[in-house]
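Input: structures, listed below.
Shared between the two complexes below is chain A, which pairs with chain B and chain C, respectively.
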Partner chain A sequence: MVNIKELKASIGETQILKGLNLEIKPGEVHAIMGPNGSGKSTLASVLAGREDYDVTGGSVDFDSRDLLEMDATERARSGLFLAFQYPVEIPGVSNINFMRAAVNGKREHEGLDPIKGKDFLNLVKEKASLVELDGRLRNRSVNEGFSGGEKKRNEIFQMAMLEPRFAVLDETDSGLDIDALRIVANGVNAMRSPDRSFLVITHYQRLLDYIVPDFVHVLVDGKIVLSGDKDLALKLEEKGYDWIKEDVIA
Partner chain B sequence: MAYDGNDKVLEEVTGKSYEFGFTTDIESDKAPAGLNEDIIRLISSKKEEPEWMLKWRLEAFAVWKKMEEPDWPHLQYKKPDYQAISYYSAPKQKKQLNSLDEVDPEMRKTMDKLGISMEEQKRLSGVAVDFVMDSVSVATSFKEKLGELGIIFCSMSDAVKEHPELIKKYLGSVVPTKDNFFSALNAAVFTDGSFCYIPKGVRCPMELSTYFRINESGTGQFERTLVVADEASYVSYLEGCTAPQRDENQLHAAVVELVALDEAEIKYSTVQNWYPGDAEGKGGVFNFVTKRGICHRRSKISWTQVETGSAVTWKYPSCILKGDHSVGEFYSVAVTNNAQQADTGTKMIHLGKNTHSTIISKGISAGKSHNSYRGLVQIMPSADNARNFSQCDSLLMTDTSGAHTFPYIEVKNPTAKVEHEATTSKIGEDQIFYCLQRGIDEEQAISLIVNGYAKEVLNQLPMEFAVEAQKLLSISLEGSVG
Partner chain C sequence: MTGTAEPIVMDLQRKPNIHPATQAKGEALIAALADLRTGTGLATEYLKELPVPHRRVERWKHTPVSGFWTTYEAPRVQTIQAAGCEACPVPGLHAYRIVFVNGMFDAEASDLPVHSGVRCEPVSMTASAPAEAGNLEKSDWFAALNQAHATEGMKLHVDKGVVLDRPLLVHHHTHGQKSANFLRHEIQVESNAQVQLIHWSTSNEEASGMVNIMMQMDVASGAIVALDKVQDEAGQVHHLAFEQINQAQASQVRVHTGTIQGKWVRNDLNFRLDGEGCDAVLNGFFLPKDSEFVDNHTTVDHCAAHCTSSEQYQGILYGSSSGVFNGKVFVRPHAQQTNAYQQNGNILVTDKATINAKPELEIYADDVKCSHGCTIGQFDEEALFYARSRGIGESEAKAMLVHAFIGDVLDGFAVQEVRMEVEHRLATKHGWDTWNDTLESA
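Take a look at the complex of A and B:
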């Protein structure tokens, strides 16, 4: 589904991704872990098409299309979703109206008419229950005055609404207490399916107790230096990242 | 009426340039360029005005001659040559076009985006059509209904002739002739406008809109509007039109006066999108407007404006809260793009006890435009327990645009409570990217963000107006993020 080859990207003069390779097949959940500054969030931003980053080499194939050729909107409409580490607030724009614009954008891309009001509201009801997002939050301005946990739940709610082919979760666990973590993870798990893939970026192993990955990769200095199964995450939790720097890279 | 009829003074100020006499031999319906007493006499006579009206105009002209154009606004423009303007041309005929194909394609594109019907597009762009009958019948039934309630809604010219007692009493009572340079000019040469009177205890059942009387007489360069709401009455008045209007007049100096008698309420909404000029600001309209309302006991005046047009805007809809327990509100969204300049805001003058005012101003600057909020909150010694809340926000779309806030607060009564909040922010690239990542395209993203930002103000507009205003904001800001 997603095939990243020798991806290089920089911001300004600083090169951050230095030849990253990763293949994700349909239905798979991959986790990326790594120390601060290794390029985890850059990878998420580059995949989503943020223009602050210059892609200086490599390729990304998404469902047999050249992802890097598409603009951010087209990537989203083609089924790529990014759950942001820091979801922004958009004052005065209700969550519901925002999602309606998003859903209709995707439908337009698929050659469908805008969704009917009643169908939309039913969909909202169904998906909101996945992450226990109550009516109050649905009608409020996008993320405005939401707590950290509410923002992350809102991200997963949006993901459920848009039913992406490929979802990137950028440190979705940061700032979550254990209850919120469980709610978010349950939402993600409910969406796992044979034709949907996930890339879970996290600093801590904790999230992976709830969202169990098929593969775990370690990103150090812009490259994946080690891959394994879920046990690798446990080892990282126990031993930190320094041993990798010493053993693997040296 | 403001004119107090001192004939001696009048003689002094008018006597001098009388030597050429009153010329009636101008046959064309357009006065020669320039401004002098003869021209004013011509305007007055063309409009078959009574003598008192002419006196009022002449007095205004005498005042204007002694005044200077203000240079305190944060605006830069070449001051118009007031002697190069023609101050009278008979009901202005737009150039007649034979089909919509002759209309400026840019303008058509905008009208399409606003969702304006073909018929309406033709009317607005001056294409000759035969549907006028329809429009007349709409206007007629509308007038009948108002007539039953005793509501007067007519052109200022008709009002001067048909309701002289009301005009004498209220014209110039809120914005005196000598108030400022532009109000004096307007008083001297105004050609038409609207007059509206709501009798005691009557709640006007529909939004009164100039739209309904636009066919009767073209709106002029120097418009004069007077709305009087008698005791315990209510009216919602809509000014302007959300369709793009290319106007040949470069200078607009309108005056609007609102009178809310005891327990009355006036809601006055404006959507202004006159031609802003090209990207360099060339050819745009100069909009110098004086708008003011006076609130008597327990009355309320609410100004709502969405300003997206004109090259230069100078406008401060204000409230004089004279009566105890009266309420003044000002809600504004002002958008400037390209080389547009706006210096706009409000004045809230608290005289009565327990008077309240609210100011919500949202400026949006794009391109290399400049947008200034200028507001005065004045609490006079008599205004016990007066209360004001002001919120002035500025949103910058580009690094080259500017936002300025000039709040003036004068409190002369220790029981007053005045709050002022101001923010300036740049439209967030993070916000835009967030929208893009959800599959919303950039144009729609900006529209969502800007409309969200202006929501508090847009919510104040009557429903159908609000929808068009939203579209208008998006159109004004297309491709403007940088």
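Take a look at the complex of A and C:
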């Protein structure tokens, strides 16, 4: 579904991704862990099409299409979703209108008519209940005045509304208390299916107790240096990253 | 603070700042106009003495007037039908229409008489003597020019306690080239009366010349007035609008000014709060593109205690357009317990667009609450990316942010049909999908 080959990206003069390889098959959940500054969020941004980054080499194949050729809007409409580490507040734009525009953008891409108002509101109700946001979205601007936990739940709500083929969760666990973490993880787990894949970026093993990954990768200095199963995350939690730098890279 | 201190700056008679070459251009304009129509003969003494605006006259510093120094011709078209326009510029609006074309009253297209308890007639048909020069005519050359040449306009008198059953739409349309159109509206709203006014200005694609509209409005105690002002003029028209609104005790006036389109627009909106307990609201938005120019000069003069004023102007400037915002708020020594709020936000979409913004507050009373804010910035790139990452197209995402930026002002239009038509016209001008947020209330 997603095949990343020798991906290199920089911001300004600084090279951040230095030849990253990763293949994600349908239905798989991959976790990426790594020390601060290793390039985790850069990977998420480059995949979503943030223009601040220059892709200087490599390729990303998404459902047999060249992902890097598409702009951010097109990537989203083609089924890619990024849950932001820091969801953006947009004062004056209501959650409801924002999501309706997003849903209709995708429908247009698929050759469908805009969704009917009533159907849309029913869909909102159904998906909001998934992350326990029922009744908390109406008459409020996008993320404005939301608590940290509400913002992250809103990301998962948006993901559920858009039903992506491939979702990247960028430190979705950061800033969450245990209850919110459980709600967010339940939302993600409810969406796991044989034809939907996830890339979960996190600092902490804790999230992976709830969202159990098929593979865990360690990103150090712009490259994946070690891959394993969920037990690798436990080992990282226990031993930190230094042993990798010493044993694996050296 | 003694409480007796007199304002120093606001009433100061400045030495006229005469620029001889500009003065000569102004005189040439007056001579050219004299050939076109009979002047009123009023305000001529002020015209001679006042400085013709140029860059060194403070209130005209960033407002280029060179477009006025041109030739003018008598208009050929005098009716809305001959101009080929829709009878009402706002679809579905049920209003009393008062229509002027090229500065002339179009009786055929107008709905007179209006309502019992309301005297509404064109100035040319009234017997009463024209009003004497007010502060604006005594201090501003273009305002004096209006009084010297405006032989037409609407004279409106709303009797005590009358609540007008539908909005009163004053539509001015400019058609053809090189026209010089002057209108002078005199409005009196008696105590406890209520009226909704709409001033709508349009012109055709080939139009050029000047439009100079003066409105004098006296609002008696307890009266409630809403004015929705929309400017949507195509072509090369230069539009000057002066409004002087005097409010008596416990009256409420709200003015919303939306500039959709206009090659050159200047709004000079002035409130004088003369009685205790008045409430004034003045909001506006402007979205010039290409080389359009929009200027909003406002003055709120708090002369009495316990009044509130609230002002919000939002501008989004595209292309190589330019804008001016100048917001004066005076709080005179006796105007204690004043609550005055002013906000001006500007977004420069390109690096060629410019805005000159200047809040000016002069406060001479010591027990007041006055706040103001002024911002100039760009579109929020992070918000744009967020929207795009959800599959929203770039132009739709921008339209969404625009809507958020001017939403409060749009929502403030008194007449719902006006608001909807304004949104529709903005969407057409900027190529957005028509925006509607009816779902929220569904």
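Note that in this section the second predicted complex is superposed on the first by the 248 of 250 C-alpha atoms of A that agree within 3 Å, B and C clash if a C-alpha of one lies under 4 Å from a C-alpha of the other, contacts with A are read in each partner's own complex, and residues count from 1 in each chain.
Just so we're on the same page, contacts are C-beta pairs under 8 Å (C-beta built on N, C-alpha and C of every residue); 3 or more make two chains touch, one makes a residue touch a chain.
Only a predicted model underlies this, so the values are computations on that prediction, with no experimental measurement involved.
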Please determine whether it is chain B or chain C that touches the greater number of chain A residues. C
Is A:N139 touching anything from chain B or chain C once the two structures are fitted on A? First, second, both or neither. second
Once the shared chain is lined up, is A:V212 touching chain B (first), chain C (second), both, or neither of them? neither
Could you look at A:G117 and tell me whether it touches chain B, chain C, both or neither (first, second, both, neither)? second
Mind working out whether A:F98 is in touch with chain B, chain C, both or neither, as first, second, both or neither? both
Applying the document's definition of touch, where does A:V55 land relative to chain B and chain C: first, second, both, or neither? neither
Those residues of chain A which chain B touches in one complex and chain C touches in the other: 48-50, 71-73, 75-77, 81-82, 84, 87-88, 90-93, 97-99, 101-102, 105-106, 109, 141, 158, 162
Can you list the residues on chain C that touch chain A in the complex? 380, 382-383, 385-394, 396, 400-401, 403-405, 407-408, 437-440, 442
Would you mind writing out the residues of chain A in touch with chain B in their complex? 48-50, 52, 71-73, 75-77, 81-82, 84, 87-88, 90-93, 97-99, 101-102, 105-106, 109, 141, 158, 162
Quick one: which bits of chain B touch chain A in the complex? Just the residue numbers, please. 428-431, 433-442, 444, 448-449, 451-456
Touching residues (chain side chain A, partner chain C) in the complex: 48-51, 71-73, 75-77, 81-82, 84, 87-94, 96-102, 105-106, 109, 117-118, 120-121, 138-139, 141-142, 158, 162
